[in-house]
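Below is a structure I'd like to ask you about.
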Amino acid sequence: MCGVFGIFNSEFAATETFYGLYSLQHRGQEGAGIVVSDYDDEKKKATFRIVKNFGLVSEVFRDERLLESMKGRAAIGHNRYSTMGSAKTSQNVQPFLVNYKSGHLALGHNGNLTNEKPLRKKLIDEGVLFQATSDSEIILHLIARSKATTVVEQVYDALTQIQGAFSLVILTDEHLIAARDPFGFRPLALGMRENKDKHGKKLKPTLVVASETCAFDIISAKYKREILPGEIVVIDKDSLETGEVKSIFLPKSEKKARCIFEYVYFSRPDSTIFGESVDKVRRKLGKNLSHEGGMKPIGDEKYVTVISVPDSSNTAALGFVTESNKQGSAARLELGLIRNHYVGRTFIQPGEQERGLKVRSKYNTVRGVLKNRRVVVVDDSIVRGTTSKMLVQLLREAHPKEIHLRISSPPITNPCFYGMDFPTKEKLITNQVGGDVEKIRQELGVDSLIYLSMKGLLASVPKYEDEKGSYCTACFSGNYPVPIEEATTDKEKNDE
Amino acid sequence: MCGVFGIFNSEFAATETFYGLYSLQHRGQEGAGIVVSDYDDEKKKATFRIVKNFGLVSEVFRDERLLESMKGRAAIGHNRYSTMGSAKTSQNVQPFLVNYKSGHLALGHNGNLTNEKPLRKKLIDEGVLFQATSDSEIILHLIARSKATTVVEQVYDALTQIQGAFSLVILTDEHLIAARDPFGFRPLALGMRENKDKHGKKLKPTLVVASETCAFDIISAKYKREILPGEIVVIDKDSLETGEVKSIFLPKSEKKARCIFEYVYFSRPDSTIFGESVDKVRRKLGKNLSHEGGMKPIGDEKYVTVISVPDSSNTAALGFVTESNKQGSAARLELGLIRNHYVGRTFIQPGEQERGLKVRSKYNTVRGVLKNRRVVVVDDSIVRGTTSKMLVQLLREAHPKEIHLRISSPPITNPCFYGMDFPTKEKLITNQVGGDVEKIRQELGVDSLIYLSMKGLLASVPKYEDEKGSYCTACFSGNYPVPIEEATTDKEKNDE
Amino acid sequence: MCGVFGIFNSEFAATETFYGLYSLQHRGQEGAGIVVSDYDDEKKKATFRIVKNFGLVSEVFRDERLLESMKGRAAIGHNRYSTMGSAKTSQNVQPFLVNYKSGHLALGHNGNLTNEKPLRKKLIDEGVLFQATSDSEIILHLIARSKATTVVEQVYDALTQIQGAFSLVILTDEHLIAARDPFGFRPLALGMRENKDKHGKKLKPTLVVASETCAFDIISAKYKREILPGEIVVIDKDSLETGEVKSIFLPKSEKKARCIFEYVYFSRPDSTIFGESVDKVRRKLGKNLSHEGGMKPIGDEKYVTVISVPDSSNTAALGFVTESNKQGSAARLELGLIRNHYVGRTFIQPGEQERGLKVRSKYNTVRGVLKNRRVVVVDDSIVRGTTSKMLVQLLREAHPKEIHLRISSPPITNPCFYGMDFPTKEKLITNQVGGDVEKIRQELGVDSLIYLSMKGLLASVPKYEDEKGSYCTACFSGNYPVPIEEATTDKEKNDE
Amino acid sequence: MCGVFGIFNSEFAATETFYGLYSLQHRGQEGAGIVVSDYDDEKKKATFRIVKNFGLVSEVFRDERLLESMKGRAAIGHNRYSTMGSAKTSQNVQPFLVNYKSGHLALGHNGNLTNEKPLRKKLIDEGVLFQATSDSEIILHLIARSKATTVVEQVYDALTQIQGAFSLVILTDEHLIAARDPFGFRPLALGMRENKDKHGKKLKPTLVVASETCAFDIISAKYKREILPGEIVVIDKDSLETGEVKSIFLPKSEKKARCIFEYVYFSRPDSTIFGESVDKVRRKLGKNLSHEGGMKPIGDEKYVTVISVPDSSNTAALGFVTESNKQGSAARLELGLIRNHYVGRTFIQPGEQERGLKVRSKYNTVRGVLKNRRVVVVDDSIVRGTTSKMLVQLLREAHPKEIHLRISSPPITNPCFYGMDFPTKEKLITNQVGGDVEKIRQELGVDSLIYLSMKGLLASVPKYEDEKGSYCTACFSGNYPVPIEEATTDKEKNDE
């Protein structure tokens, strides 16, 4: 997974891209980069500068002189998801920046192409050479090899040839282009900031695009709208006059396939994606989970203790508790787990592994809240199950009477070919026990385990009129909206 | 402020100290260090190794070979609070490690001495030279210059001469010593871990001391008890046979002076300090705050929205809401502010400052939760007021109907001379407006502002029998339990 | 300028490439990189690994784990010349590593192409995109786009299309290829190391190629021969059986154009290039310079003091002195200038510049040797003249009676388009004074100045039979052997 | 070994100290540090700043902001010799900076104390604690504990108590003090720079002290004189008026003991030490070596080939050749060995060690100069013999007819207790073969081996009138001028 950001007409384009990426850091921690374009109005020529490297965005730009040196009013940025590799170069870190017949071309991509292999084969047979292993490089080649004459037509031409998930930001000599695949797998939003000079006089606006709207908030820009599935948004100097962008549409897909897991876990709760507040959706996930897995106090209990796994399931837990109380099942949200703010590199010596140090270095329990309580733990999802198991062991040390695990999404049964970094099918805990939830419960060591049903999940997310299908639920259902015969997951590619 | 940790009889003493410091990272982010003692039973001689530097503990020990090289079964560690300085050396980073007539001596200190100046003057007149500006170095000299013959007596001798706040860990050739000043300003706890070999056979235990008990949890040790005000705990190889430590007591002080601000803000909620769970105390602070500053729904409101400033006021906000509901004032805890997990170095260009980027890079609002709501914001304290003001501005952008600020402690009116890093008196917002809460309200731009009263504060913290006074409340009341004529705050010292 | 190195069949291919680059460090200090190929005999498949970055080779590979992780028996490496740039990425650092239809392709290039612009334009028009600004990337595209079916034919095909200077190392899945342009601008040599196992049994040999033979010495390989102008040497597993390599030849050029400046200054004196020892040539340069600019003792002088500018003109100075004595002009070589071994980054504050700190931090005088002497200073060349001027000022402080500067090459009058990093024409001191040597003398502040004549230069370098012209002397003569209409110097490109 | 530097009244005191240390880098590569004093004339108070760390001086001050931040007109600096250590802190890196009763005290020390142990014991018994393992810390304590009232008297008092080798620079609130032990083991020189303003008006001078005069040259200061054995030079603001310094003398020693090895190897040839040019002495060493070990051409040889091991024996080799020719033994100096300019960290994999990579990465042969020649190799000294042996093997690959090794000093037979970093007695090659030169010859694999005699050595160095003995020759003779019963070598201390 990745985060993308683009900005057009800002006095501090590179610095604001830095802040945009900073707020999107959760979407990718392996590497980060910024490309800035410095357009010279007189010479009608742009100078492009690029800085990218492994690490968090605050690490890549640790030397403040880097940002200071990146002059220019338009920029794009990219956060890349964490993967492993030994003798690494930064060749796979984005944005990519190249020169081609129509000038400069910089690109940042969130998503995975599903027809990467045939496209790569075709291009290679035609004499193309690849410098990175990322599928994103293919898009650059398709643009450069298009017969179309304008940059925008070239981009359109290229995007009609690729399949799968893509939310893109592209910076050319004269445009900032943002595009989203016709299925709309990954989010992408458009924002704007009105600008004024010192005397309050209105200046030309700043236009921005980003994976999530939290990146607008940090630079005081306002969310305008979702970039639509299949839409190519073109921003150029004309846009500054009107505040309006140009839109072109790729051929429509019959169904849409917004990634429902973005709502479940991946996006930040303070963001709006796919036109809806993530917080609001997660609240509903918790509400519906309480319908399916709520608990009532028993004996002399006044209430059931509910805790979240901070911070990812905080919102769902809140929804769970609120709804439980509405339904008359007294529940109380407690802060039973504390998350360490200073999570960094840790070192586990032989002989210490079995003590769950990895989980302990991130979480600790508040014992008084848990002791002798029947505790409902709300979590968003279970992937491999190893962390959940360690967490349950940690909770047991606080001596709760019972632990009841509630998951605000269905069991994950299938890998993602559209950009989410799940492990292979065999490593998913659901598949390891043949899909038997009772066996998962035993494996994790909890007193009960209830997952939200697919129905409950779909009831929590927004509906879109006139759409036959609006979401990709492949990781839960195995229904892949785009054929995946030749596709690879992120993990497989990293092992190449 | 600082965090201290000590461990005796561990196969991985340095690594476990690393984890202890990792969990105490909130107590100091400027620098970190570990001293390990490798005792050779045959030669009856210990080799000491030290690694310390500026930065977070995970940064100081980034190169894993450092910890691997630190062999030995006893260790102490220290986290130092963030301060500024231009041409810095690591001379002030602790632990200090020296050689003296009785062998090695390593020391980590949390707290501030109040008779530093006369002691330093006396020592300097006697020909002592000082390599650091830290008052902790004085303690080392007093130990080294004691006429007593045993190490423990020398330590006792030294500690009778110093005044003020000290929670100490000391590592000598044969002992781990932990000591707390007679007033008990700073917390210090004793823990133990039972050990077994692979076959389940009982081994000698590991003994640990730490500023807070969260450092025990991370290494799976159990909290035994508070180290008492005025107690010197001596751990040596005899302690391993019995699991018991030796205690010596400094002359008693009439009153105790536990830092009440540790409960309000500084300690982690999952820790136990001064014999009580921090979480439990903060819950009571919230409960009592609701009595003094609770609000009722008005008009067609179903409930009052309550939010915390994550994560420091989460617990108090929870207590506030629970109590409000008990009292019949419908309140609902909402997640109105999201805290960025990846807080790191940021860069603010000229012209961007007024946008509150510093606050924005740490927090963002969840707009749907706040819009058109009357919102109660629970925070733990206000120091300078600048962050609170920025935060209120950020919240206003989400268009709440009203913002009501509730603080779970009284107004801060005085600096701390016992270790807490408050600014000088003039910079405290309370003093800038002449102590007028209404003026603070106006300055912060909120619709109402209520601080918890001193009475409410004292009603929230544990009582200790047979004590005339149990807490230091100087920052709120100006009543300094130890004379401060010649004392300096941390800040002043850094400006020297 | 740059250095290239390639090795085939070595147990420690990456480490030995490191040492090869280490010995070629003088050819380029901006960046360094190594690509290693790990061929799996069973799978008939190679894994390639790359590490490259800015800095000296010892800096790029400072972390010893990098080299340890680079498994494989074949490798190439590249040293890149120092240039300046603010927001730099490592995209221009070589080797380049790409994937194309025939597998992996890694390339290191020393030299400059003169038809870069038309080739780049043609490729760009065909839809090629460029990730770096280096002309070397063009060669990769030409290989990848060749219609030929074997890798070797593709390389041949590509090399017939490029013009200018190129000494190349190419690593493919199965071959190490080394090639030199038909003019033979840059040196390239072939070497071999016989290998034995512990018991003295003969093993398959290691084959190596390098810009200079000093890279063979450091890994105990033996120089076999020069790779000829226009020769493409193909090394593969068959070569290991016979110890022989395959050769293919590019279409012949009428003349050769070996860079005469490699002999004058650039190559190491312990290397053999173009089939001759650099030391031997420089000795002759000094000898011929003594014929043209030798001095006799006057008055009661017993001998004329001759000093070199260490270490680059040591050999020429030695030749100068030896020949002077043979001719009866008593001369004595003295160590009048000492070169600092620890040349590193320095800092010059405002107000200190005029003191010549840059020169002083590299050289110092031995005063006793110079005082009251008539001193002949032998240097290899003068480019801008600024360093020479500072050096003369430094020498004056030792109070010599006179300073006579002798240069072992003619005045530099023209930039290089084949790889040498000279400044533009205007910045060459010769051109600044209209080619008037007397004016240069005045500018430098010496008592006399004599350059070696073109005739003397040509008399010093080896002759090649059956060649109409053997050297490129363009920097001295302006006679460019390959048309340069569209060519750019290194400097110009860096300013783009 | 170490280098010291001090400067008084410079606009750029810290930066010029940086350059001084830069030129003294050969005296110590382990660590470097600078202390600068910023005296406020109005407040009559000095602010001291310190930066020190492991590494070369250019590495310690890599971040240019460090030097910029070090304001002040007086400074001292120190280079520390390379030693090994695993879990290192910078506590042993100098200068030391402390506070004591009379203000600030910063100290840099070159040399080794021989009564360290009894002094340390005495101080420790009196309650002193030691933060470093360096003997230099003792001097600070003696100053601080002196009963004398003025700083200068305290220093005098302290220096009368220490024995052994010390060349010191001390910075106090108002003085720069430089002192040399009564035996004069280590060099120390005084220099001055006249200053003018832009208009040529004379300003107050800058006064400097340094281990070697090369540190004066780099900052354009002039050598005034040697600081005498037993002299304490006091520089303060009065000195600026007169240009004269105050001198106090320690009680005289009967003999002097200037380290003769400074002339043989350690100092730079462009320096003046002990009142004489190092170059001139080395020339004489070579001259006298030619008397004792010169060779004549035989058969049809026109001359004997003489090479140096660059750069340390260049001067001696030159003297050897010049004198040989004077004596009628035709000899010619050739550049048979080339020294790599880019010596940095290298990596030797298992299986590569026997190839002499360590020597190869530093030196290479010029084969044409050596092939079929009888070669005399002039080197300055042999310590362990391992490098010499490798070097001979490297030379053999160039196929000389014979190799004759000539050493410009006698065999080293004893360790140094006064600061030179020799290994223990057992590791010296001379002692390993029972002092038999013929056995050393066999071990090194040369055709003949001749060391300069003690007589020849003493004939080469300057004479001082009215001195019974002027040099320490202990490493060659075992005659230790200062008792060493309780002394330790550098090496032993590092192994503690």
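Side notes on the structure shown:
Each chain gets a letter, A, B, C and D, in the order it is written, and its residues are counted from 1.
Keep in mind that, in the parts below, contacts are C-beta pairs under 8 Å (C-beta built on N, C-alpha and C of every residue); 3 or more make two chains touch, one makes a residue touch a chain.
The structure presented is a predicted model; accordingly, all values stated were derived computationally and were not measured.
On a Cα centroid basis, the chain most remote from chain B in this structure is C.
In terms of their C-alpha centroids, the spacing between chain B and chain C amounts to 60 Å. Between chain B and chain D, the centres computed from C-alpha atoms are 49 Å apart. Taking the mean of the C-alpha atoms as each chain's centre, chain C and chain D sit 36 Å apart.
Under the contact definition stated at the top, not a single residue of chain C touches 2 or more other chains. Of all possible chain pairings, those that touch are A-B, A-C, B-D, C-D.
Residues 49-52, 66, 69-70, 86-87, 89-91, 96-101, 105, 124-131, 133, 140-141, 143-146 of chain D are the ones touching chain B in the complex.
Chain C meets chain D in the complex at residues 11-12, 15, 18-19, 22-23, 25-26, 29, 56, 58-59, 61-62, 64, 67, 214, 217-220, 268-270, 277, 279-280, 310-311, 314-315, 318, 322, 332-335, 338-347, 349, 351-352, 355, 357, 360-361, 364-369, 397.
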